[in-house]
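In what comes next, chain A is part of two complexes: it sits with chain B in the first one and with chain C in the second one.
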Partner chain A sequence: MSLSLNMIAFCIFAFAILLGALGVMTSKNVVHGAYWLLEMAVASAGIFYFLDSAYIAVMQLMVYGGAVGVLVIFTIMITLRSRDEAIRPLDFSVFALIGALAFFGLMAYAILTSPSMAAQHLPAMPQLAEFGKEMFSLKGYSLPFEIASLILTVALVAAVWWTKDGDN
Partner chain B sequence: MNPWLNAALRVLACIGLMLLNGALIIYMLRKVLGHMHLRLGPTELGPAGIIQLIPDVVKLLVKEDRHPGKTDRWLYILAPFIIFVPALMTWMAIPFSNHLMAIDLNLGVLMILSFLTIGPLGVFAAGWASHNKFALIGAMRAIGGAITYEIPMVLSALVPVMLAGSLSLKDISLAQAGSFWYWLPGLPCLVIFFISSIMETNQSPFDMSEAEGELVEGFNVEYSAMRFGFMYLAEFANNFIMAAIIVCLFFGGWTLPFVNPTTMGWLAPVVFLIKTYLVIFLFMFVRGTFSRYRVDQMLALGWKKMMPIAIVYTALVAFVLKVIAMKTGGGM
Partner chain C sequence: MQVGLEAFLLLSAALFAIGLYGAISKKSTIAILMSLEIMSIAISLNLVAINRFVTPSEMTGWFFTVFTMVTSAAEVGIGLGMLIAIYRRAHTSEVSDLDEMKG
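Now for the complex of A and B:
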């Protein structure tokens, strides 16, 4: 695939992500916000795909597009008591704006001062099997992976415990 | 070839196949279900009932595009496309033969399953945006159902993936050419995958989100004309996709026993399509035979039966494969 086609696709997806982020922020209706979030997740999957990481793209689509999207909608659906509750006023907070600007400044500084990533682009992306071996071997990331899953399980049990009736 | 032209042709081929498949499934629905339900009209119109197709399609195309006043406007317009586009995207990873596929991705199974997870979100969008009680209940059921069946579906798809050692639908089909097809070692998974496919494609006996008897038509009750047509086209496409995945994972894809799978030529897509439409025929047979489950029965079936069986069987197959690999000395 030629460079120009990749470039155009990248621009489309990048603008889609920005649009999605703006949409999440400015939509008054939480359901609309959820769908903007979904759009952003799908667009980021597109970016990953054009960076030759098809596996991460598919995972992004499956986890953030599918699973998290469904979960967010599920939560909205359970917590809303009526259709009108979905509409919230837009809160404007100076402190949030300062925080966001500070974060943006930090990120911009980090990106501008770090060496260019284009030089480190691999000639060929590693195959999925090698990725899996690296990820789940004892020397690789299997310990952090297990710890993360343990933390999630603890969080799940804790959530069940917290939401239980007080009497029991 | 010019990459733009190449890409455009591939997309057009997928759209064309999707439309043709839609027409074919409408015809099959009229004929197969017509005979099973003793509906005399649609099976008789024209030679072998083929003329019925024309009024069916023309009606969808020329009907008034009604737009109810209280809808959530943008979501209402977008919802059919949120359902339609992922269904279209899944077509590109289907291997019709050794080289006849839109893109040769080595993650085919994962990609198709990940696009299929977007579908229920479109169904929810349609139900929510319609501003209609029945539509909203249908939409909620679609989301609840999606959480239920997707996990056993993905888990049971893992067994053929582990047996073949690849996530590419092409490689999984090829791996079955030399040996037996995977329906035999993966029989419990085939059953679970088949049931999940019926839930995924929203068909009776698990058509909770549209249940005509209780919810009128569910999430798409406020839609008409071509918007409605898009939703049905996507449903028919998903029907084909699920059947095609079942054929690839459990029945050897385009391969035949005792035939070299790489030199089959024009026979390969024909074999693949025949197998796929046989599975679709089976879907319709189930659809015409069983009565609808209650929604809690469907959720109980998913969580309490399919999920544990899928987890246990997948773990068992993984264990056995590991033991075999260690015995034969091939490190995994």
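Now for the complex of A and C:
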């Protein structure tokens, strides 16, 4: 099976993702930044769908597009009471720019010069049922799954504890 | 014309670099958290692309992506909870105003 993703679709989604990320960086209003983040999450779900990972795309929409987006906007609503607090000057740092560009240059050099790992003939992705069987089998990923649920529980309790009333 | 693995890795690296720039340069805690989310999405993109092109039948990248999403959701929950706690105590959400420990 050949990949169904062609250059035009990839360019559209890559443009949408990079536009969203740059929008988060360059928007003066924090609320606009939150909506750019939402746009970026939806566009990355599109890329996941074209990589034959529809399940991951749905998870991305639910977790980033739904939960994280709502949490961020909710926190902005709580902490920034007025319109003036949300609008702020753009922070610019030369050192951060140099660091980010150096990181990207190093990565691009490593990606473009190393031999390709990709298989010549791509087999089809397994179905979601096999993913579920592997996830919940004892020899598979059931222990990491339980640990992940424990981490989420502890994180939720900690978040409630941090935000509860009281001076300390 | 088909797209290879390198294009996805380059896109992911660019996204991670943008997030890195934001995480270092931003002064607002909400903006820093959003930059961390951008970096996390870049990691997910990297994992899914490598999974699709290198070992599709073993689904390792899918599992890693799902667990990355879980830790990222926990991170954003705790981060925003701490932000609300900081705002309640210091009445600001700017990182540069939180300088009580400065020597």
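Throughout what follows, the second predicted complex is superposed on the first by the 136 of 168 C-alpha atoms of A that agree within 3 Å, B and C clash if a C-alpha of one lies under 4 Å from a C-alpha of the other, contacts with A are read in each partner's own complex, and residues count from 1 in each chain.
The criterion applied here is as follows: contacts are C-beta pairs under 8 Å (C-beta built on N, C-alpha and C of every residue); 3 or more make two chains touch, one makes a residue touch a chain.
Since we're looking at a predicted model, the values are computed, not measured.
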{"item": "Combined model on chain A: chain C and chain B, fit or clash", "value": "fit"}
{"item": "Contacts of A:Gly132 with chain B and chain C, given as first, second, both or neither", "value": "neither"}
{"item": "Partner chain in contact with A:Ile56 - chain B first, chain C second, else both or neither", "value": "second"}
{"item": "Touched partner set for A:Tyr35, first chain B, second chain C, both or neither", "value": "first"}
{"item": "First, second, both or neither for A:Thr79, with chain B first and chain C second", "value": "second"}
{"item": "Which of chain B and chain C A:Ala67 touches, first, second, both or neither", "value": "both"}
{"item": "Residue contacts with chain A in the superposition, chain B compared against chain C", "value": "C"}
{"item": "Minimal inter-chain CA distance - chain C and chain B, angstrom", "value": "14"}
{"item": "Contact residues of chain A, present in both the chain B and the chain C interface", "value": "2, 5, 55, 59, 67, 74"}
{"item": "Chain B contact footprint on chain A (complex, rising order)", "value": "1-2, 5, 29, 31-32, 35, 38, 42, 54-55, 58-59, 61-62, 65-67, 69-70, 73-74, 77, 83, 127-128"}
{"item": "Partner chain C, residues of chain A touching it in the complex", "value": "2-3, 5-7, 10, 14, 17-18, 21-22, 24-25, 30, 33-34, 37, 40-41, 44, 47-48, 51-53, 55-56, 59-60, 63-64, 67-68, 71-72, 74-76, 78-80, 88, 91-93, 95-97, 99-101, 103-104, 107-108, 111-112, 116-119, 122-126, 130-131, 134-135, 141, 144, 148, 151-152, 154-156, 158-163, 167"}
{"item": "Sites on chain C touched by chain A in the complex", "value": "1-11, 13-22, 24-28, 30-31, 33-35, 37-38, 41, 44-45, 48-54, 56-57, 59, 62-63, 65-67, 69-78, 80-85, 87, 89, 93"}
{"item": "Contacting residues of chain B [partner chain A, same complex]", "value": "3-4, 7, 72, 74-75, 78, 82, 105-107, 110-111, 113-115, 117-118, 120-121, 124-125, 128, 131, 140, 143-144, 146-147, 150, 167"}
